[in-house]
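Chain IDs A, B, C, D, E, F, G, H, I, J, K and L follow the sequence of writing; residue 1 opens each chain.
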Amino acid sequence: MNFLVLHGPNLNLLGKREPQIYGSVTLAEINQELENLALELGGCTLSFFQSNTEGELINAIQEASTACDGILINPAAYTHTSIAIRDALSSVRLPCVEVHLSNVHRREEFRHTSLTAPVALGQICGFGCDSYLLGLRALFNHVKNA
Amino acid sequence: MNFLVLHGPNLNLLGKREPQIYGSVTLAEINQELENLALELGGCTLSFFQSNTEGELINAIQEASTACDGILINPAAYTHTSIAIRDALSSVRLPCVEVHLSNVHRREEFRHTSLTAPVALGQICGFGCDSYLLGLRALFNHVKNA
Amino acid sequence: MNFLVLHGPNLNLLGKREPQIYGSVTLAEINQELENLALELGGCTLSFFQSNTEGELINAIQEASTACDGILINPAAYTHTSIAIRDALSSVRLPCVEVHLSNVHRREEFRHTSLTAPVALGQICGFGCDSYLLGLRALFNHVKNA
Amino acid sequence: MNFLVLHGPNLNLLGKREPQIYGSVTLAEINQELENLALELGGCTLSFFQSNTEGELINAIQEASTACDGILINPAAYTHTSIAIRDALSSVRLPCVEVHLSNVHRREEFRHTSLTAPVALGQICGFGCDSYLLGLRALFNHVKNA
Amino acid sequence: MNFLVLHGPNLNLLGKREPQIYGSVTLAEINQELENLALELGGCTLSFFQSNTEGELINAIQEASTACDGILINPAAYTHTSIAIRDALSSVRLPCVEVHLSNVHRREEFRHTSLTAPVALGQICGFGCDSYLLGLRALFNHVKNA
Amino acid sequence: MNFLVLHGPNLNLLGKREPQIYGSVTLAEINQELENLALELGGCTLSFFQSNTEGELINAIQEASTACDGILINPAAYTHTSIAIRDALSSVRLPCVEVHLSNVHRREEFRHTSLTAPVALGQICGFGCDSYLLGLRALFNHVKNA
Amino acid sequence: MNFLVLHGPNLNLLGKREPQIYGSVTLAEINQELENLALELGGCTLSFFQSNTEGELINAIQEASTACDGILINPAAYTHTSIAIRDALSSVRLPCVEVHLSNVHRREEFRHTSLTAPVALGQICGFGCDSYLLGLRALFNHVKNA
Amino acid sequence: MNFLVLHGPNLNLLGKREPQIYGSVTLAEINQELENLALELGGCTLSFFQSNTEGELINAIQEASTACDGILINPAAYTHTSIAIRDALSSVRLPCVEVHLSNVHRREEFRHTSLTAPVALGQICGFGCDSYLLGLRALFNHVKNA
Amino acid sequence: MNFLVLHGPNLNLLGKREPQIYGSVTLAEINQELENLALELGGCTLSFFQSNTEGELINAIQEASTACDGILINPAAYTHTSIAIRDALSSVRLPCVEVHLSNVHRREEFRHTSLTAPVALGQICGFGCDSYLLGLRALFNHVKNA
Amino acid sequence: MNFLVLHGPNLNLLGKREPQIYGSVTLAEINQELENLALELGGCTLSFFQSNTEGELINAIQEASTACDGILINPAAYTHTSIAIRDALSSVRLPCVEVHLSNVHRREEFRHTSLTAPVALGQICGFGCDSYLLGLRALFNHVKNA
Amino acid sequence: MNFLVLHGPNLNLLGKREPQIYGSVTLAEINQELENLALELGGCTLSFFQSNTEGELINAIQEASTACDGILINPAAYTHTSIAIRDALSSVRLPCVEVHLSNVHRREEFRHTSLTAPVALGQICGFGCDSYLLGLRALFNHVKNA
Amino acid sequence: MNFLVLHGPNLNLLGKREPQIYGSVTLAEINQELENLALELGGCTLSFFQSNTEGELINAIQEASTACDGILINPAAYTHTSIAIRDALSSVRLPCVEVHLSNVHRREEFRHTSLTAPVALGQICGFGCDSYLLGLRALFNHVKNA
């Protein structure tokens, strides 16, 4: 099993900025923790991509359609504004899990709606780095049982 | 660590009704899978409660405040209508994880809003029985690291 | 054919309170008239339940699923607020007819929307006690022809 | 007792089109079933009118005010858009029952609101041809007891 | 000067129905009072038309474009629903005055908005038959000074 | 008969500013035309007041309650924002006619709603100075016939 | 005079939870203070009931209709969601005063609307325990002067 | 192939009124251009109908169901208000193309929503007479390839 | 303790106008009752001010900031429209109690929202003159315990 | 005549993904069909560009302003979210035709609004590949006649 | 050049109240800083006016029309509620700059909308006293270049 | 002090397109004027960046966080749609000033809301090129005084 881990805009700043909202872990550390879990789960490899540009995220999703068995995505701010990423996820029809570090339901009104969640298997939010790890487990279990 | 697992209205019908939405697993099987995972995680015991009555769920939440270290809750339909359960969760101030079997973002408009999620640590939805298991992990990790 | 007749909150006060809105017939009289009609229609027996508690109504609906062939329900105030009763009705998948004594479309704005009607066969409102009798006929005909 | 049975736009197509929504009975058959029921109820005669034109329906309602004792109306699409038909019904002040073949609450959002129901005695929807028959009973009982 | 006086749906019932809202004057009396005023003002003749059908009102408006110098219209219920009448008025580009017998601002919410007023010179409402007479004066003065 | 003619904020600028919206007549000229019409109608005297201050307009309305038989008011911008003027008009219970120079339905959305119209006899808008003259006629006729 | 003092969901936790919002007084202390004031006012006895279940609060209201002269109620979270409690209060037609410990207007948007206040005499909020005491005075004065 | 070309309200005025919005071509010229194109495409005949009355347009649609292979319709103002025309189009289940002379998206807010477009194959707007010609091509191609 | 009692627009008419809404007590009588209660409570003096002008009420609030220990205010119609009074109350940071004679929740929709309540200690409405007396008690108790 | 054909996000997947919505034709085939039509129309050449990145589409639009005589654009998901593409189209002031493969009016609510259509000549949707061909004809005719 | 500097309600309290929102500078100091800047810019004189009364601000604006070349205004709370001030500014047609001390976009929802900004040259907010100084520069430059 | 001047989408077209909205100054001229002002203010250097791509603007903001002391940004169309740029500005926590050439409050409804303004110091709009110059002054003063 190959999974693409996709990080949306501003997530490259993780750990350096606004730790009171997003925690103090860096993106590299999250990726490392995901690698460790993949090893523990066995039989799955991960590739990682971060971009601040909507179109590059769409390109990555499209390319994943032939190379990957599933997508773990934190669309960050694009969760709430990008119909184009939604359409990309919907087009490639790979199983996809949406994760968020923070509990979006506690934040501004405009973060309560997700354009991408309806085309994902499900959504996990609020557990910091653990959202990613739980998301990988969810994706792994889904693909194993499919 | 003691955790209360709380099931909201109609979840006693699980596995018997509408498997195309909620899957074919019964509530007893979910509870058993949670027990298994608790054993695997080690050092945590679970108690279970299901009710179709909003007030009984509130009572259970209040009683948990002295006996438990956290709550794993699927408020089901009350997610979207019960300010009283929200207030109960907010009052006891135990760490709480909200889970849903189905991907609520794919369903009717009125299921997209959660009154309880803003007072929970986070929310997990869309993975069937796995939503509960991931929720227990999230709760366990949070309490262990608190 | 066995039908459950379900009366929602405050309907136990019928005939004693606010006759200008709900008429002067009591709940016992309505039940008696329904019994009379059941006799006239032939081959159908009725059981009755009234509760002011949402959860007890849900329990009654769930129990009906094995014992009854259809539900005649006046959800009263819960018509407009209870996703949980809607989910219960939707789960048991029995034919169900929703009735209201008053013409809800003439009253406050918040009584114009029904959460339960979309999961019922149909809705009858505005004819006082006759709403129940017409509802029993509708249910009887539907089950007979199903 | 003389009752006018009024059928709104597109109901002349009944039984020929979209049977999955409106059933397979034709308008002529509905009228025949209403005649049969009128006979059974005794002492009431029916006249029928169908039009696709809002103004012709208004004319018919106005003319009924001297010739009829009540109106059984399925305003179809005009239910949701015609203040003029509402005003006509309100002006003639005859008892009026509104019926719909389909369960309007299950269909598009714009079919959930009725402009005419607030000036009718009540509304019956969702029982196919039986909606008309129940409506005639409701009207008959009302006029008999008035 | 020739003016068309246009009466919308249900206004043929005037004086016979709901006098508490519309007053006890009949449409014939209103037309007579308008004739009297036309005489008093001098140099203007009136033609009258009433219809319950939106399309017939539109036809009348279109025909007025060559025969008349202005339109005095009470669109009644169509005020709030007919974009087609608005488009007709806007197309013929005759000076037009909109009148209402009742004070629409005191009645149901849906009567507070006028689709036709923005394409009229102005609007007069609330003065019963006097609304028409004032409207004729307004139209007469406008055309005289144009 | 004594009538108070009340002019709201910025109407003292009439004729000097924005003639494309409000016409070129000055407030003094409007008052003069009203005086002329009062003479013509016979038996009625007018007093005039203009203020840019909401509270002064309220004071004037209150004082009119003992000295006047009716109020002709152009509340201008306060039409859309002043519940206090509405309450004053409603308190004194004098017959009141609301007028506007421009056709408010053609202008910004926030000018389409009137807080004061529901407590007036009626409203006249769009005829420039003629709105006032028609308003005086409406008020005169109403008081004469009351 | 007998008054029922009704406490809604989660108020049993008073003084133990979230004192920054609800103050540090317990429910027992509030009841005691109310008893003291009843003594001071003279001629009135109080009975108390708290429940987290909507239906039990409705039952209590219905039972009060024969035993009590008035109701002092803090519906807590149900203030904003329970049409059923509103209907119960409306049915029994006892004078009723609604109180809130906190100033609901300062809190979440969904706490600004009260479904029960329109069927109460009035509402008092924001004074902590004093809201109850002032509410008892209001109820006492009203019944005394009725 | 036989196609019905249906023109909605006020389109009979085309070319004579408001050319700045609708262009200077008359309806007869549009019909002629459509005839020319039908000839060019080959194998298709056209019939034409224009009405200002909603019900007559519905009648024409219903009659087309046996005589025609497709409908080219410009519902004009009824596009935004007529659920009845939508139901007619939906009932006859002929392929249907909706066209508009003007770019409705540039005009008033209430012209941005189409009730009929969801039951048509597609919609073409903004190209004046060319909207009709493109619409005929679209319909022709669709029927040819069906 | 010195308290300013502030009466908003139209309250000078109290007792003379619309007694069915506001009761028959005059403003002078309310002030007298407040004086009596102040005497009874002991140690507090009252000053009174009424104005129909928003700006004068703001001036009074600002002046109170050095001379008074609290404000008892009935902003009347300005409750729902005056951000400026809200800002004044918020600026002077004196404890403030908002009162209303009528139960605003039973009246027009636009009276359900208070701009000033969020910057007050709390709000009391619906008890006629008693609202003021209860408000003075609330203010007195708060300042005494501060 | 040179026209730029612009394809928005995810259109590079055409024919490979979700054929039930977008048809089975590939983007290359659409471009080829457009080339064929250009040849048939005569005197016009086409250039093509597809991008998933909003900014690249904007760059292409800007560059077209000197090199092209018109733009044929399918903004896909950006239709509903990109004010920036709208501003680009509006800035270059080239004639522009917006096309969509699917009938957007039948799909999710958020696809019913177009930010770009108001700055285009017109819009064509619902005819699959034929939408592009009709769009090219519309653009060609417009430029030829300009 | 003569400019009127207009300060709205509660700004006379500046520096004394809520410095965390509005800064610690007093109104006198702001006026002094403006005087200093006017001197530095050269050739412009300033007059100052502050009022808590909407009508007095309107009077000042009207009087400025003959005496001044521009207006620098901080309408404070009236920014969001006063159509009358908007109309005054629009009537006098002097260049006008709107300034705010605080960043209104960060505060309550009702402060995000400005009724006056659409009739001003532009708006400056969020820079404390510097908002005024920048506003004077903007006005000065505009008038110099006009 | 180093400041980054960031220009959003389509601003590279400045001076060439739609001068009636944005003025005739080019982006190069604006940058030159800013350089001149930086020189005049002393002690501050500027770097410039323009992009039509949201992600490139985010990258530039992120890079500024170590190299710059503040950001002067005109997000243009992204002002109203980009949560991602807002998050970037919020993450780097540099003082930031938002400017707009046009008075956004006078334009389309969707330009009245700014997603970025709440995370900026303040906003300046409506003064053409002068908006930038005033913005630089605001930023310079803020950083100098910080």
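We adopt the following convention: a residue touches a chain if its C-beta (ideal position, glycine included) is under 8 Å from a C-beta of that chain, and two chains touch if they have at least 3 such contacts.
Not measured: the values here are computed from a predicted model.
Student: Name, by label, each chain that touches both members of the pair chain A and chain J.
Tutor: Intersection of chain A and chain J contact lists gives L.
Student: Name the chain pair with more contacting C-beta pairs, choosing from E-F and D-E.
Tutor: Greater number of contacting C-beta pairs: E-F.
Student: Any idea if chain C and chain D meet via the same residues, over half in common, or different ones?
Tutor: same
Student: Identify which chain pair among H-J, A-J or C-D reproduces the interface of C-G, meaning that over half of its contact pairs, matched by residue number, are the same.
Tutor: Answer for C-G: the repeating interface is A-J.
Student: Using the average of all C-alpha atoms in each chain as its centre, how far is it in Å between chain B and chain J?
Tutor: Centre-to-centre distance between chain B and chain J: 48 Å.
Student: On a C-alpha centroid basis, what's the spacing between chain A and chain F, in Å?
Tutor: The answer is 63 Å.
Student: Could you grab the centroid distance between chain G and chain I? Build each centroid from C-alpha atoms only and quote it in angstrom.
Tutor: 23
Student: Using mean CA coordinates as chain centres, what's the chain E-chain H distance in Å?
Tutor: Centres of chain E and chain H (C-alpha means) sit 31 Å apart.
Student: Could you list which residues of chain G touch at least two other chains?
Tutor: Within chain G, residues 53-56, 81 contact more than one other chain.
Student: Just spell out which pairs of chains touch, all of them.
Tutor: Chains touch in the following pairs: A-B, A-J, A-L, B-C, B-G, C-D, C-G, D-E, D-H, E-F, E-H, F-I, F-K, G-I, H-J, I-K, J-L, K-L.
Student: Within the complex, which stretch of chain F touches chain K?
Tutor: 8-10, 12-13, 17-18, 51-56, 76-78, 80-81, 110-111
Student: Mind listing the chain H positions that touch chain D in their complex?
Tutor: Per the touch definition, chain H meets chain D at residues 53-56, 58-59, 62, 81-84, 86-88, 90-93, 115.
Student: Note which residues of chain A are touching chain B in the complex, please.
Tutor: Within the complex, chain A touches chain B at residues 103, 105-106, 112-114, 117-118, 120-127, 130-131, 134, 137-138, 141-142.
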